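Look for chain A in each of the two complexes below; its partner is chain B in the first and chain C in the second.
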Partner chain A sequence: MPRSSFQRLLDIGGTLVVLAILGFLLLPAIVVTLAAFNDKALLSFPPQALSLRWFAKAIAYDDFREGFGNGLIVTIWSSTIALIVGATFAFALDRYQFRLKAAIEGILLSPLVVPHFTVGLGFLILAAQIGLMRGYTIVVVCHVILVLPFVLRSVYVSLRNLDRRLELAASSLGAPPHLVLATITLPLLLPGLVSGWLFAAILSFNEFTASLFVTAQRTQTLPVAMYNYVREYADPSMAAISVMYIVATAALLTFANAFLGLGKVLNVEHGR
Partner chain B sequence: MSSTAADMRRDVPQAAGGAGDDIAVRFSGVAKRFGDVVALNDVSLAIRRGELMTLLGPSGCGKTTLLNLVAGFFSPDAGQVLIGDELVNNVATYKREIGMMFQNYALFPHMTVAANVGYGLKMRRLPRADIERRVGDVLALVKLAGLQERKPRQLSGGQQQRVALARALVINPRVLLLDEPFSALDKNLRASMQVELREIQRTLGVTTIFVTHDQSEALSLSDRIAVMLEGRVRQVGAPAEIYAQPCERFVASFVGDANVLRGRLDRVAGGEAIVALGDARVKVSAVPLTGLASAAAVDLFVRPEQMQVSDAPGPCASVGTVAAQIYQGGHVDLYLDSVDSVSGRLLVRLPGHEAMTRWPIGARVNISFDRDTAVAFPA
Partner chain C sequence: MCARDHVGATVKTQPFLRSFVTPAALCALAFLIAMAAVLQYSLRAYIPGSLDPGGLTLANFTALLKPLYAQVFLNTVWICFLTASYTLIVGYPLAYALVHVRNRFAKSAILITVVTPLFLGEVVRTYSWIIVLGNNGFINSILLQLGIIETPFQFMFTRFGVVVALVHVTMPVMVIMLAAALSHIDRDYLEAAESLGAGRIRAFATVTLPLSMPGIIAGVTTSFAWTFSAFATPQLIGGGQVNMISNLVYQLGFASFNFPFAASLCVAGLALTLAVLSLLRLATRPLEKMGPH
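Let's look at the complex of A and B:
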């Protein structure tokens, strides 16, 4: 029957297209992973012989170690500050009516309008103007601005999905506002808060463009250290770092999924 | 279980000591608007200690707003809300000592049944052992003993409702507030939950305000009903009073089934009026007809069970033709086509099942009313 054979063709074709898209998405990760295990000192593909020596070299390289440490400091500070600021704004936007609410909401929720290099350059100029030392502060502040919209959105969506009647029920049972917050609102918002923090952390740790402007030799984060490295050398230790990065992120997300459920972490459950 | 009930019972005074002593909740001149919408307009209502008062009305009538004013979710724009002798207009919800059961139950999803029910006691800083004991007692009262460690999502709808009720009752509230609690249950479960709620409410003697748009639920559960429309209380009274003596058209048509027949005002004598319909002269209360001229058109409201049909020739109120018969087990509903009915149809409810054979479809019948049962309003 022509209809059924056409259907089969469509099924096979569809499967192939989906596989091709998935392969295309994963292609860079696959290439980099294979390159990381390459025995040769060139970033070449496909590898001739396998080795772990680039991992050893990457881990031993001082700039990478410092970059990793700096990155952790900046990431933890910036995502935590962004979480507190973002959650406060999300509460205000969800619970209160005030002037310019729509405008503020628009600004806070539109992360892509201002490019990262603009933010970085702006902070560089400001720092020079006010004579701010190029220490961690400026990097952290810069990162807070960049990741804030993501945290805000995550908490805001969780808040909008929260049934306000639960809070009313708690207060009818005698809970004063601060205990309603502590026993009802915050526990129910926890997945949103954690996912917001997690996204902020991944984005911050990964951030390169703005960081290039605002970091100094002493404060450079891992992506900046990698950029500086690749300008001078081209060996597979870069690829080794990438692989470690992918594994760490996957482990983090798996961990979050086990405790909170990926659906909640990614805020998939929309709709009121 | 009876000792449990005795433990939880509030002191209900046997007789009212003073004029206002037996009033648990009082609204006086309460008004509330939301933007341009008037939710409540000059509402005054007193709820007696220990009674189950139903706020009945269509959606948007203000019944839920009135309930929320007792809960303290917002303040009235004008007037006073009193719980006992205390003016609570500006008292925060958590200080009001009320128990509220929400339409969706609003159980805390991240807590067990025991933690949900014990929440209010924990907020009152009771010792852990006391909390455990009282939670166990109240769960036994609502027939959920042993389910302490379940999470709400592991319970059926009926069980969730019992948890919500237990959670509201365990704190010995001054007033129990119920916001359409049965609307999410299927019909059979609803009926049994209604009976159970009523028993528990009577046993504990807890003053209860119950919001519903379901008039049959209101009639079957309440000590008294306040019928509301457009932000006002239209009539307050016992279910039988609301049903038999509605004070206005809206109440008569909203509560229970009613046939509306167009008649003519014959004369007014004292508190009574005589309405002419066909050969019949129907005696009704004159109060709703005040100021109406003789021979003015009036609408008679007659309940289906207060109408009789016969095929004997002679004077009668109206005539009709049987259009449909609905067998209901204990009774038969006859639908009659009649020119006197405002809608063109009349519903007559006859006990037993004889009507099925006695009045076949197409039969011409004479219609009469039981004496002194009809009410009349200006057409």
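Let's look at the complex of A and C:
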């Protein structure tokens, strides 16, 4: 008997600890939302009056608009390129033996460990040397390198989980390799490809440190514009744009979870 | 060459596979060139007032030995160490809950809550923490109104404030790695331990914890490396009082245009990360043996 009440205590204690940690994770999002709807320019908790004026101001602010546009250009290019490079390489990793296999894989995964300011400085110096300072090219190349490990992993995990017997069946029935790829492999891989692209896009759109180094005034992305804003002004338009960010990101992730099974992609659940 | 191809044994050799390597090889090459550019600059002299570097020199690296810079290095490693440790302590219960909770809705809710900060980007997260921790921020307002404190508690511009925000940053990756390790532990082991009379705490300490060791090591290593990479958090919450290598690199690059010295800081920082990470690997090798193979 004392044992079972002890177990219950353990359960309740565990639940409380988990709720407290979730609270810690959610606290900044909740507080920034309160600040964004607060009518006053100065922070006050709880807010005395609510208003949407900071949202209007954030949306109308030129640097944010341009940053958003630039960010979209960079994100679409870099996530699409990263998807093509990552997916083809994941295929090669899974099914093909070639020289330098381990070396190329190691280099492409290393941006996970190399600090972003080092990657940014490297591409900045490179851009200065070959005269690409002011364009999008260097920003896109830099982002492709930074998001590639995530795409590679996402596609590779789905390739590993794919039932090779289906391909064998098609192949033994006489389908040539490219037909097997187009009609069997790619459709089965679609969730992995979509989630890989989605991860790449979200990460690229949010990338900050390296972007600070490689963007120019004309190509600055939204996070860089936001950073410059925080340094100069203290009004809650920054809170308003943060709320839009948080809502958009959480919505995309909820979508990804519902349709693609985030747990499986992140490998925190068994595929069984 | 095709005759020796083992992959062809399962499916008819896919001829396009060889061309699939090229784009990745090009990307790897671009990254190598960028890193080589950093290395090259770190060995060049700085000419004040010019963006072009001078001749070959080791002066940048000898300058790193000055107490001012050595202090920043130590500070950076200490912040990374604190962040990784706190993240592990706070992240473990959450990873455990994520794997063991049965209710699907609760599972998704935990997963989304954990993962969202990963995708939010440093600026939004840091700004949000400024509003939480600032002198007229959320925590101080609440505590002042409740009369618990009379003067605001100083979180901003302190190492503690920086570490709190950084723990929030590294939590997702820690939880994901721990949960991956925990979800691959066979539940039969736990049931065996419990049927043999071990209580839940004992079963956890003797079965779950040792078997999750690879996840712990991977999580700590990655949080360490990510914290090392943090820039906006120490810059905005530290406000010049808490400096990490990233802040120094940025200042040198964009305030004094001393790119050679900034590059040498990057090289030294990278060497330091690799050294600390391999030490960590070495120190935890006996622990790793406890995990499954």
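Annotations for the structure displayed:
Heads up, the rule we're going with is that the second predicted complex is superposed on the first by the 245 of 272 C-alpha atoms of A that agree within 3 Å, B and C clash if a C-alpha of one lies under 4 Å from a C-alpha of the other, contacts with A are read in each partner's own complex, and residues count from 1 in each chain.
Simple rule for what comes next: a residue touches a chain if its C-beta (ideal position, glycine included) is under 8 Å from a C-beta of that chain, and two chains touch if they have at least 3 such contacts.
Treat the numbers as computed from the prediction; the structure is a model and nothing was measured.
Overlay on chain A: chain B and chain C fit together in the combined arrangement. After overlaying the two complexes on the shared chain, residue contacts for A:128 are found with chain C alone; chain B is out of touch. Legend: residue contacts after superposition of the two complexes on their common chain; A:168 is shown touching both chain B and chain C. Of the two partner chains, neither chain B nor chain C is touched by A:4.
Of the two partner chains, chain C is the only one touched by A:21; chain B is not. More chain A residues lie in contact with C than with the other chain of the pair chain B and chain C.
In the overlay built on the shared chain, the residue A:188 is in contact with chain B alone; chain C does not reach it. Once the two complexes are overlaid on the shared chain, A:48 sits clear of chain B and of chain C alike.
Applying the stated contact rule after C-alpha superposition, one finds that A:113 touches chain C and leaves chain B untouched. Between chain B and chain C in the chain A overlay, the least Cα distance found is 5 Å. Residues 168, 171, 176-177, 180 of chain A are contacted both by chain B in one complex and by chain C in the other. For chain A in complex with chain B, the residues that touch the partner chain are 163, 165-166, 168-177, 179-180, 183-184, 187-188. Residues of chain A touching chain C in their complex: 3, 7, 10, 14, 17-18, 21-22, 24-29, 31-32, 34-35, 42-45, 84-86, 88-89, 91-92, 95-98, 100, 103-104, 107-108, 110-119, 121-126, 128-129, 141, 144-145, 148, 164, 167-168, 171, 176-178, 180-181, 199, 202-203, 205-209, 212-213, 223, 226-227, 230-231, 238-239, 242, 245-246, 249-250, 252-254, 257, 262-263, 266-270. Interface residues of chain B facing chain A in the complex, by the touch rule stated above, are 71, 73, 92-100, 102, 104, 106, 108-110, 119-120, 123-124, 167-168, 171, 177. Chain C makes touch with chain A in their complex at residues 5-7, 10-18, 20-21, 23-25, 27-28, 30-35, 37-38, 41, 51, 90-91, 93-94, 97-99, 107-108, 110-117, 119-132, 134, 136-138, 141-142, 145, 168, 171, 176, 179-180, 183-184, 199-201, 222, 225, 228-232, 236, 245-246, 249-250, 253, 259, 262-263, 266, 269-270, 273, 277.
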